[in-house]
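You will see two complexes here that share chain A, one where it goes with chain B and one where it goes with chain C.
The block that comes next holds the complex of A and B.
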């Protein structure tokens, strides 16, 4: 099993240093991604999910951003300390990325087929003709009708859904080992989203890449991912396999998130809510970062930060509730009252 | 809400509303290009209910909301508010009515003046609509802040000092300041994180009950719509394809587009998942909508009839209307 690991992130910390202080956008993130597996990273705005993905390929704006600690291992090789020239050979080749808004990632004045072919010539050393042929093939593969014609068109001539397909074609042209998809369907309508998700699953079966799927949409996670890491305030607070996460969420934050979704199949009078707001990344509380909003919080929660502990073989959670200390603090509180 | 519809007159009656935008010519002598964003829709909004408009981008749902208030001048049809025609009103009369019909937009930050405190904004709204004399406004402001769950001392703050959810609460407070009867919520919770979205949805429901408000709720998010609505209207390329009571629409959708739309929503409970209908292709351009039924290019059941003749919206079951030639056959 461990041989299948393609990407391993260890204690990754990305901080942003500005006159306002230090924003700990990513603050000690660990996970592994296996071949052919989809890992979802979910969380609300500002939780650090996008920054985690950008840090993997060292794409964070620097300054002010800086990876201050940790390792990102692609088949054992550390990307954090790698020279730039070497990293460039990995970006778009062995690890590629797609983003929410394809229009900002595509060159507006170059035909899309040309843009895909460029990556193939650069990374795979294909001839101009071979690269073009492969490019057209990829455009066909992502389900765009009449690929020869579309390859010659510029991005503005394509619809939003088609542009996102082109991005996927480009990302997968060099058969990467890892695909990082950062909110790839968030800007799309649901019927188009359904098409894109289907294509991603289909191509994963064919190519076998591992996917890191970043999204705020729990429904999409449930459909796409094998494993889910839930992030809150720069840290992973829970990591489980998908089915288990929705059946039995461990962390109070995950429970709150799932509870706050309107249900499509039942009527509810009122939605469950999570009180309060996310703490500022400049000033995280000393103890558990969720303690202030947590319905279960005890004194220990605001005193000491919990670790991401192994709950069972496949699940991890960062919460005092699942530790021995919790029982101790419980009895202590009973004694004092 | 069936009972509502029987014994009450509609608060808002929209008939054959049209909103056509003529595009600028890009080339000399180019034929006129017209985008039919909303193309002859009729519906009624009853007091105390929440009617939702759902659909994908470009279906005309937001344009409908804007046309009702004449934020864009509609090009055809009529809108009656309590038997008064909004489309025939003078600008001055319209301004008075706008106090009764308020809007909340998706991005509250864009609709709040960054240089005004919350107090100034609420005060201005009340002054313009002349809802209260100045000496009574203070008490009303405190009441409004309480309604939307904000601390009274926030009155002195500026919009940038608030989070997204709080800004949406301010937008709601401002809308409520003038005692409206109808609130049009245009993607009002779409930009919010799920936990905050839940707070705002609960707030809207509570306010509706406490203040007897009527909502026209425009959204692309079907699970939110399911939560908040009494009735739902589905739009596609400027037309209503289906309109029904919420439970009837979600449990027994009649139009193939509604069925596909419902099946496309990713759900967290995989056991509840129905077979997904994946639609082919994209939404056609509203510049050049398909002839006949506008959905025919993507509909798995389309026939020659659908490509020729446009289906009319007809009531198939009580309070459940659909615009599809084959609705009966497809539902059995």
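The block that comes next holds the complex of A and C.
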């Protein structure tokens, strides 16, 4: 795997400002994506995965959403401050997105072939005819039979799996450097899901784009991702390569997530499920956001927020357990008792 | 689709029966005797009776009705009681005028309504949105005869830009068409706005944006076509109200159309003319509805055609 960074997200903060207060949906997210690599972002629903991905292309609903801080660097150029006209040349061209909802993400009154072709005409300056031909080719490439016929159809004539394939074809038509897939298979049944994942991997080998793969399914992560970032309450709490993450999860939250997976070959007495609820994005606790649910929490955890620290060369974790302060507070507690 | 159209055409028969029956009954119930009115003031009893006999008004009601229906299906709408002209001929003189008025009114309803609705929806809660919606509210609340008189006063009498009344040139069409189309335009504007605002929040608009499309392509290509689907229905419904409105507007602007013919005929108890006029107006309404429904299906193919 080469080491060149395509996309770098630094201290990204996206907040929703309304009369109810400020919801810190994304609250200081950092990661890098390298060429040809797949980075998984996992976490429970509501932890800010979608808002992180939408913020990259500035697609968050605004108002009430707003990127209040941070940078998104595509080959070093900051997308957050870029003029709209320039950003439009990146959307769908150098960075593409696939969304969770295949049933509603395609325009119901426009033939699917045209929905792909319009991006090709826009970004690659293809003629009407050439764009259509390429569009049909893409529809074939994602494994839809008789693509000429399908291209002329409207979304309602296609199944959910086929629509998601069309979305993939649309996203990859302009051979982007980055593909953001936000739970692309969550709404599909298991066999279709496997096919879609296979197509994505196959096209990644052909095109070589980096993928940000958002999911709440650790099984899919294991299958798809090279790196994994675990999100909790608007922040990344752990970042490791996939094999390491499953072997040696660092953050108590990740340990809980992996512990809650049913294991095939082990006799399990019970599924481990993390107790408690996610704190509200309107009112995060002062200390660690996971402290309330954490079996290891000590006094320091509810006092100060931990940073995302380098655990070893490849891994990062946001937890007091792996800091010197932890040892200090441990000895203090021993002394006082 | 053809099956759908044929099915809808079959519905014309019950419409004819229903409309004629209702008009027939109403005309029987309203006070005033055609024969008396026709004979004129001071006519002798014998003259009136003779007239009644000639016109077949002394036959039992059901007989009168069935002979009328029988004639309709042979294309005969009877003769005017007033001048003995064939009703169909009288209608055919006036129908094109009313259709022309209706056409330009609906044009104003659609064009003005869409433009106003889009302006509002593109920047919701902006100055232009609030302004347009205030005017639309006014357009809905103003009675059309009042608006007609107001326009006539300003543009014909004060400014003398346009003719007061009549129906000779394009200039004559302007004020009546605006008068008749304004209320509909206001409703279409409000409908377009709310429909656009709903569509703009849909997932596929986010997809269009993620593709890098320009804002105007997103609005006109991706949003408007979806937003128009409910608007078409509203326009269709407006057409019904429009036909009713011609009665008022034709009277205000002294236009010799179908609406005014019906009103005049009611006044003189010219029953065949009233029945014929209402029947033709109803048929026009049915055909326009069929046209609208067909358009709706073309726009929105997701609807099951059966």
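Observations on the structure shown:
The definition used in the following text is that the second predicted complex is superposed on the first by the 330 of 337 C-alpha atoms of A that agree within 3 Å, B and C clash if a C-alpha of one lies under 4 Å from a C-alpha of the other, contacts with A are read in each partner's own complex, and residues count from 1 in each chain.
Here, a contact is a pair of C-beta atoms (placed from the backbone, for glycine too) under 8 Å apart; a residue touches a chain by one contact, two chains touch by 3 or more.
Note that the coordinates shown come from a computational prediction; the quantities given were computed from them, not determined experimentally.
By the touch criterion stated above, A:248 is placed in contact with neither chain B nor chain C. By the document's definition of touching, of the two partners only chain C reaches A:118; chain B does not.
Of the two partner chains placed by the overlay, only chain B lies in contact with A:274; chain C stays clear of it. Of the two partner chains placed by superposition, only chain B is touched by A:216; chain C is not.
When both complexes are overlaid on chain A, the residue A:195 reaches chain B alone and has no touch with chain C. Within chain A, not a single residue is touched by chain B in the first complex and by chain C in the second. Across the interface of their complex, chain C is touched by residues 57, 59, 61, 88-93, 96-97, 99, 101, 104-110, 118-119, 122-123, 154, 156, 167, 170 of chain A.
Residues 201-204, 206-214, 217, 221-222, 225-226, 229, 299-302 of chain C touch chain A in their complex.
Residues of chain B that touch chain A in their complex: 56-57, 163-165, 193-199, 201-202, 205, 220, 222-224, 226-228, 247, 250, 260-261, 263-270, 272, 276, 278-279, 282-283. By the touch criterion given at the top, residues 44-45, 159, 161-162, 189-195, 197-198, 216-223, 243, 246, 256-258, 260-265, 267-274, 277 of chain A touch chain B in their complex.
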